[in-house]
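Paired with chain B in one complex and with chain C in the other, chain A is shared by the two complexes that follow.
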Partner chain A sequence: MTAAAGSGQRPARPRQSLIVPAGLLAFLVITWLSLSDQFGIGFDLGAIIEDITNGGRILITESDSAAQRGLLVPNWAFLPRTVDPMLETFKMAVVASVVGCTVALPVAFTVSRVTAPNGVVLFLGRTVLSVVRAIPDLLYALMFVAAVGIGPLAGIVALVFFNIGVVAKLLSETVDGVDPGPIEAARAGGGNRTQTVRWAVLPQVLPNYVAYSLYTFELNIRASTVIGIVGAGGIGNLLFTQYRFFNWSNVSIVVVTLFVFVLLIELISIWLRRRLV
Partner chain B sequence: MIRFENASVTYPGGVHALKDVTLDIRDGEMLIIVGLSGAGKSTLIRVINGLVPLSGGDVKIDGVSVRHAGSRQLREIRSKIGMIFQTFNLVKRTTVLNNVLMGRLYGAGTLRSLFAWYRPEDIEIAMQALERVDIVEKAYVRASNLSGGQQQRVGIARALAQQPKIILADEPVASLDPPTSHVVMRDLQRINRELGITTIVNLHFLDLAKVYGERIIGMRGGELVYDGTAAQADERVFRDIYGRSLTADDVMSEAATAAATL
Partner chain C sequence: MAGAAERPHPPTHAKRNLALLGAALLVGWAAVTVDVDPSEILDLPGGVALLFREMFLDPGPDWSYLPTALEGMIESLQLAWVGTVLGAILSIPLGFVGAKNVSSGGVSNVVRQLLNAIRAFPEVVLAVAIMIPIAGLGPVAGALAIGLHSIGTLGKLTAEVIEGIDPGPVEAARAAGGGSILVQRWGVLPQVLPEIVAFWLYRFEINIRAAAVLGVVGAGGIGFSLQQTISFHRYSLAGTAVIVVVLVTIAVDTVSGWVRRRIIEGAGAKRVDADAIAHPELAEVVTGPVERP
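Entry: the complex of A and B
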């Protein structure tokens, strides 16, 4: 075949979008401004060198108290005291994940374009969910500590809201991309919306749902350190009390316990996901 | 009896997919619709179970208007109409039996189907449907593990599980190879003859239409351009329907030969 065979004309090259280069440029400009004298945020490499001597005292220091010998000298005698708070964190994460992911399942189907009952519900649902997601976990913890008092209950409720936001968002986007064929088949057979979601959509997204749920469980263990600071129970409470008294050797033990625990959970989660998905 | 009364469909984009179609389909008929892609075959089939809403005229099934049915009544109408699709439309991640049980959704009710708590008689109906298309041994296999022909037979079983009065098949063999196409078409023909189910099939290949159709309908540009028996439909008739001379691509056996010699 020769090049002249086709009668079609070659189209002109379409204009490229400038959004990506403009965005990159914006980031560079903001970075440069942050380092400048007038608009800067006081970021200075020299300060790191000057302050490192301060940091040195936190890492290793002379002290009569075993709790205060610095981060690099862990106080192993403190280890048993981390067990109960760590278990509390674990239980909080389990309860919050089970409740949050259960609620998120029907919510996700309500805010997906594919399965929403109508446009109004879709719009309202998405708006509410955006607000739920816009509030950070720490703020939820503060709100519920104020509402129900200091303790794990406040932490659990905070994590539940956080989980609904994450799982409903991820799952609804997965639902948006399902194969529409089975949905048409379920409708053609006389199925209503609930039945269509249950039998044509859910089996398609179930492995993703399990993966998202395990992921939020991991996030909950991690988030517990932050929300513990405002009094929402768990290992974060212990971490913050020790930190406030400058018991760096105890803080060190809490960090190690948390690190090992998170790593363990993540390994189990990876193993589970590989088997289930 | 299915009665089209000046049925018209205009899609939101302004395309007139169906223009003023008037047509009677008797109970127990095996009807084959032919025409080029875009001629309105799929639309004609989908207005029968209301998957595509009418913009004018009406379609009545045993005197009941599809156009004016409320959502509950529409589900009742659909429960008696099985549908078979070009791409099978199975849920690939679940078992064959679960797919066939989708044909029992209306009969089982929302609560039972929500918790997969089907009555033994619903499961029995599903199993019998699988036996009728000779694939019951795959009941607990994931649908994704089946070949195309097997998947389409599961699709037929799902339609049969509705215990329908009508079966609509939208290009049921377009994704299958010629031998498998004949297996699926024979299944449809047997179901039509043995169970007396009105069967309406969209086809592209003319030789298949002539072999399996009792009555053939031709569509062009959303209009009904031919309605007659398979015996009357000769090459001149098909040229008329297609609005051009016939090519090897229009005939399954020759298209297969042409593809093989390329």
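Entry: the complex of A and C
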């Protein structure tokens, strides 16, 4: 059935790229290795389903003693004890956000292609920043607790580093994309580097900077709930103490407090962002 | 007072100044009442310098610990991977149902709120409060915690991407007689898949950081080594472990970032802001709306 008279042949099919099958194969191999008992974490779906059905009982155990009740039987009498640590968490997040975002501002201008003083500083700055970003919040907290002892200071410093990583990265990328016109104008007008950044770049990125700072504050609220686990102050500490004694009904109260608090902060932050940005 | 006699008043900044004053008061209150001694702050640089020296310079990292640290980090990578895959698989149906243009407004609202609620809990809290009681100590609990948290973030991003699609192909699929599943498969999925896969990879990068510390609470990975070595003052060993965490994280970030850019550019997804793909949180922060990662 050769239908078309003129051209005769069907056009050749476009060659299938090998990238998609190769990617799929890589995905399957990595997933299989990761799941396997021998090479990976030993992920067994059957066992997990069994655990969930058994574990379900742990969650709903009723008892007269608060210490033996399950997670879904919260001990409401514990609620007042969460107030002070939660407040401490909030204060830590506030202080860390202010310090972190302030430090991140000059750092961002140092690691942006547009405003870096020279190539060497740019390269070094980027390298240091990617190391700063590669360390998770809880690891910072572990190290600072070891360095300065248990308490909120270690937590605040840990959050500050975490914030510098986030804000400097986001802001430097925004600076990379600014309109070069004002920069040229400032240079032509005889401005030095600081003046150029101050009058030609900063006004362009200020709204983004404010938005990133608010976003970081939200991140901090959630991060600061965790870093207490290693002794860096705040509600994480309370959570972990109750967890270590398997006081599930108290754990659930801490979790509920956390949840309400995080949602509340987020609502406020959204409202602020709408008004500011 | 003939017409143009008076100069216009400068606009008032009273409201803005009041807000700034309020913010300053809040910060001042937090700084003063938070339980930190000024003397502690003075000790901070010395303490940090001492720790840094012991971990990285003198005596510095103990390389005999390298195999243990690498083994822990590989377990972290694996549990991050499994968690991301779990989250990705489960977030697809939730993302579709959560998109207003696929499901009805009421259903999508409920799903979005559910996703918000999941995201409010950090992985470590999910591990401690839910997954360790259920699955016991170990990497499986960590993977489940990461998976659950990732459902929240990936589901939300998926729903948002789906809401931004071009309606043309959907209409075409419908006009050709496609049933509702077929319309999603051929009208929606091809449009959104590159972006969604890029989000998965981005999430994997974030999850590695979470997986590196989940061991602190006993949920598997290198976090256990970090916690043990640091709290028993074995700083040479801790130094090795920290170096492993940093180098492996940067290496995976680099590879994953390259693959993400390849996926997005290869797909020719011009309407997507490249920055937003590099950092999904950027899209969310700049456009202002609703949520966290």
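We take it that the second predicted complex is superposed on the first by the 236 of 277 C-alpha atoms of A that agree within 3 Å, B and C clash if a C-alpha of one lies under 4 Å from a C-alpha of the other, contacts with A are read in each partner's own complex, and residues count from 1 in each chain.
Note that in this section a residue touches a chain if its C-beta (ideal position, glycine included) is under 8 Å from a C-beta of that chain, and two chains touch if they have at least 3 such contacts.
Small disclaimer: the values here were computed from a predicted structure and weren't measured.
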{"item": "First, second, both or neither for A:Arg187, with chain B first and chain C second", "value": "first"}
{"item": "Greater residue coverage of chain A in the superposed arrangement, chain B or chain C", "value": "C"}
{"item": "Which of chain B and chain C A:Ile60 touches, first, second, both or neither", "value": "neither"}
{"item": "Partner chain in contact with A:Tyr215 - chain B first, chain C second, else both or neither", "value": "second"}
{"item": "Partner chain(s) touched by A:Glu88 [first = chain B, second = chain C, both, neither]", "value": "second"}
{"item": "Contacts of A:Val114 with chain B and chain C, given as first, second, both or neither", "value": "neither"}
{"item": "Touching partner for A:Leu206 - first (chain B), second (chain C), both, neither", "value": "first"}
{"item": "Which superposed partner A:Leu105 touches (first chain B, second chain C, both, neither)", "value": "neither"}
{"item": "Interface residues of chain A shared between complexes with chain B and chain C", "value": "none"}
{"item": "Of chain C, residues touching chain A in the complex", "value": "26-27, 29-31, 33-37, 40-41, 43-44, 47-48, 50-51, 55, 75, 77-79, 81-82, 85, 116-117, 120-122, 124-125, 128-130, 133-136, 138-140, 143-144, 209-210, 212-213, 216-217, 220, 223, 226-227, 230-231, 233, 235, 238, 242, 245-246, 249-250, 253, 259, 266, 275, 278-279, 281-282, 284-286, 288-292"}
{"item": "Partner chain C, residues of chain A touching it in the complex", "value": "19, 23, 30-31, 33-35, 40-44, 48, 51-52, 55, 58-59, 71, 88, 90-92, 94-95, 98, 130-131, 134-139, 142-149, 151-153, 156-157, 169-170, 173, 177, 208, 211-212, 214-215, 218-219, 222-223, 225-226, 229-230, 233, 239-240, 243, 248, 251-252, 255, 258-259, 262-263, 266, 270, 273-274, 277"}
{"item": "Complex interface listing, chain B residues touching chain A", "value": "49, 51, 75-83, 85, 87-94, 98, 101-103, 105-106, 110, 113-114, 155, 158-159, 162, 168"}
{"item": "Residues on chain A engaged by chain B in the complex (per definition of touch)", "value": "179, 181-182, 184-192, 194-195, 198-200, 203-204, 206-207"}
